[in-house]
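Worksheet: one structure, shown below.
Read from first to last, the chains carry the letters A, B, C and D; within each, the first residue is number 1.
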């Protein structure tokens, strides 16, 4: 019996298949309007990759925003639980996970057993991490990858203080239209910094403890992670595939359930 | 502002109470206390509705204003915040009164109950009072909302300045404020303060507090006998009926019911899973939803340090005014709104231990700066004794603040966390 | 006298060139991340269309987010003043303006001379701005231009819990997952925005006539909802996005002449509805009220009378203004059928059709 | 810490003394006088709002300085984590500075139970930062004799607490001297403001704010001398400022001169204000005559002083504002309210009505503490000024 975890995010859907502790296959696809179909598509791809099919008997655990809207999972688990499990599997020393997703960021504290001790989501007006960065990239007409490079170049940064993603955007615009205009890289650095400072506020609310691991698509933005480390005052851990950690956690839970059923 | 009174929303509260009572009568398993509770609400708002016709003297007042004095002068009290809450609770609808508040030019930073009640007066949802009474207990909003309402409804008003700390001088000052207020009321209403009646009320208030303490004792039982959102009954009974006979009747009935359940070892839900501490007030418009969730996950609120957990002390009918002043310092809420000293912090820890709570839910009403400013503080204190705290961003009355989906999502995460431990 | 108005908005940049208070050319482009470039781009295109060079422009006023960064502008004036002045040029009777821009939403009150008497702006919450609708359009992947029309298809609108751009989005996603119709989601959101705009308007004064400017006013669904909420039929001009730039140009003209240009004005009659724009513009600056068009028009929609300043001029009949689409077949069609028509016969070429 | 003032140093100022005030602001809290003070073994106390009697501290040989936040709007991650986003950015800004050790040099903090933000700031300050001495006075919200009696008792308790902490008594002579000193700065500041009543005031609002900011963070002995010198400079300078309209600034705590400058750069001549960081700070003198004790005189002054929106009845404040509108020939009022500054939010509708009744338009801005007035705010100010001009036509 194969343990399979699906993480249905607002932008991407991730699937991880486990076989006794090791990742058999993992897949990331863009989420469509229909979570059901995106889930099926992702699972199918993952199965093919692992040389399996729907006929093999599978135990599926789903997580992420869309976890409830799919029929093919035996169990649904909250993103926090899965993040904890996933990171604990890869980086057992981590006591804190900062997951920077598309819609929102979540900070999770783990106890010694790698279980969720506490967590915090963004307050009402500070949501939208990845999407925010995407829009900013579009606004600045800089490809997302370029953003992090640019921000690393900046000597100083523009102040972008608004917590509301949309108003931060108009702050960016007024930086663009300022006389003299603020240099691009400084604006980009400012954008990254504003995201980081929101995450810092979040982390401080539940208390920062080493080691800290970063996950989620935004974790790939090296410029942002650089600022984050500077603010934290120490280096952070980063798993190889930061986007799939929640899916991995779900798969691990699936495996645990399989074992439970066996015993 | 407007004299046109449109009390449909209050009527809605009344009819809702009637319907609930009717439904309850049909239920064999219904708590008698619950029947009484809705009867009381029904009476409170019916009396308010008919006050004009009956030529009664309506005294509008903000939360934690000593309504004992109003009752003692035989006036009809109108608890402005609670009324706004109830509107939200029973109609699930307060967008228009909030919008009306905004149109007055009240910024969205002003907490919804106060923006709402200003709007409610503007729309004539609340009847025009004969006097507006308010105090700065507990926050800047309660301190400030009175004047605008006075100007809108063109009615006289009195502001009781409630000192911040608790000392001889400050109590003396508070009593002085109340004396002045009584003179003001006597002058405006041409009624005399009935001091003997006030003493009776104080005596009953003392009994009332005692009963709540006993009820809280019973709630320590595992499994806990009182249903999750039940504590709001206790809160509104104190807000609306301080020292009133019906309050005593309700509380005695409830205490009896609970002690019976405890004797039989019966819990409010079949095999309770999580015992929760509630910090601050849950969103009114999600009340039934939260009750449903607590049934679903068998997770109940067993203690609310700042809402049902009275401070030490007794009231002395011999010194009625002093007692009313003293009560304001014994209020559970006072621990939170006064100086945040050790007293407040230790009390939470004690509650957590005595009531064997598994976790605490912090309702972070985005409009309430007081409560939100202490989230971190309480989280740290409770985490020290290994009690996880869930912070739920919400608003007491504004349904646009949080949707059921958001709240369910967070609660499920929290219960998973508790499960995992 | 040739002057220019430049409006560098948060999302779109506009340029208008006026000659003796009639439009020579106008341009609308997206605002890039470098507004200096953008401003040169739009004025360049406008000049090309008008076959002019920058030297021909006697005075330029800039407005909008990027107003301070227009190198060739003689002066910059806030978009609030410019919108009031601009709308007054189209509809002198307008006292209340709702300007729905990309990043902010403004309720403006002005007097008969297009002077601002009061204004309110949306605060620290972007719900109800163009950006908000863009985000929603992205989620539902429907082109922004179409969401208004789609919302009109809704049978039962979904009541929305929030107008926070960020959260409304995630809520929309939730509803999508539940399989709700996009039209119903959009209808719900449009409802929410309309209510929000109404509150904004109420914080100022709501008096006749009422007009909506800015890109969003092209959104038929929203205009419908606003009309319901406000209870006033809004006067909509042909190109709501240009109002700011025209206002700026008019200020430029005022600076040159010093005189108030209220007397010479373009008059616009008509409306736009789901089926399209139906406007007849008469340049009263050129029109001498000869009345030839009155005779020429088969639909008899014209009438000659005196304006406020007693000048004779041709107008579109009061009763015809609201049903132009039915009375007048439109210039294309009419010009094919009748060799003699209002355009051909007008000695001053003062009449224009939008369809 | 004070980026804004650094920027200001850029434009070469007309007055030599002004630069010295700016230097204080740009170096605070590492100001030379402060450091000297500490080195000489003297104590420095921080006070938070205008209801904390400075004279008492000064008479005890303590240097009282005002606790202010970052001079610029900035990310407040600590502030947000501890005080949550819905407490005003001023209290969050102050707390963050405290949490980051910027105020570690303080020997004590003093405040009043003036508003929720201040109260909570002090609760968290005590719990997370801790300062050797910590005192919060109950400040009544009324002007009644009973209220005065209570506040007097509070000031006495504060004095006793202080004496206990210091181990010596504060003499009446010392108190009287402190009162003289502080009254002198109040008088000098009033003289400065009188200059702004002129049709072409010699000093701008932004410059005035630099002076006030310095006054919070330096010994009054030196401040008074400097200000005298500056007033002399001004009197001979023949400077004249003119603008499109005469503006009065009202509302929440404001310390960033950049904000005022952004209004003045657009032609708005800021001629006066109603802010706890200026007029409400130096408002009224302490009147010693006919009072039993200096402490009584101090207590009476602080409670009766130009009121904060927290006080009741609000018309006390409104009337003072209207008085200023007339005295300074104000064309329009700009109200800047820091988000979640609830007392001012509540007053705004009432005040706007009263000002409109005397045909004075009000521009309501809600801002974050430290804002430099860029972006959207600039547009509104510009439109407001254009409106005022059009109104005059």
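Please note the rule applied: contacts are C-beta pairs under 8 Å (C-beta built on N, C-alpha and C of every residue); 3 or more make two chains touch, one makes a residue touch a chain.
The shown structure was predicted, so the numbers you read here are calculated from the model rather than taken from an experiment.
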- Note on the structure: Higher number of C-beta pairs in contact (A-C or A-B) found for A-C
- Item | Distance from the mean Cα position of subunit D to that of subunit A, given in whole angstrom | 45
- Message: Report the inter-centroid distance (CA atoms only) between subunit A and subunit B in whole Å.
- Response: 40
- Query: Where the centres are mean C-alpha positions, what is the separation of subunit B from subunit D, in Å?
  - Reply: 37
- Which residue numbers or ranges of subunit C touch two or more of the other chains? 65, 103-104, 123-125
- Item | Two or more partner chains touched - positions in subunit A | 123-125, 170, 174, 178, 205
- Task: For subunit D, jot down the residues that touch at least 2 other chains.
- Result: 81-82, 84-85, 339, 366, 376
- What kind of graph do the touching chains make: line, ring, star, complete, other? complete
- Item | subunit D contact footprint on subunit C (complex, rising order) | 65, 77-81, 103-104, 115-119, 121, 123-124
- In their complex, what parts of subunit A are in touch with subunit D? 123, 125-126, 159, 161, 163, 170-171, 174, 178, 193-194, 197-198, 200-205, 231
- Item | Residues on subunit D engaged by subunit B in the complex (per definition of touch) | 81-88, 113, 115-117, 119-120, 123-124, 127, 136, 138-142, 144, 146-147, 149-150, 153-154, 309-310, 312-314, 337, 339-343, 345-350, 352, 364, 366
- Message: Which stretch or stretches of subunit B touch subunit D in the complex?
- Response: 104-107, 109-110, 136, 139-141, 143-145, 147-148, 151, 159, 161, 163-165, 169-170, 172-173, 176-177, 180, 339-340, 364, 366-370, 372-377
- Item | Residues of subunit D touching subunit C in the complex | 339, 361, 366, 376, 379-380, 382-383, 386-387, 390-391, 393
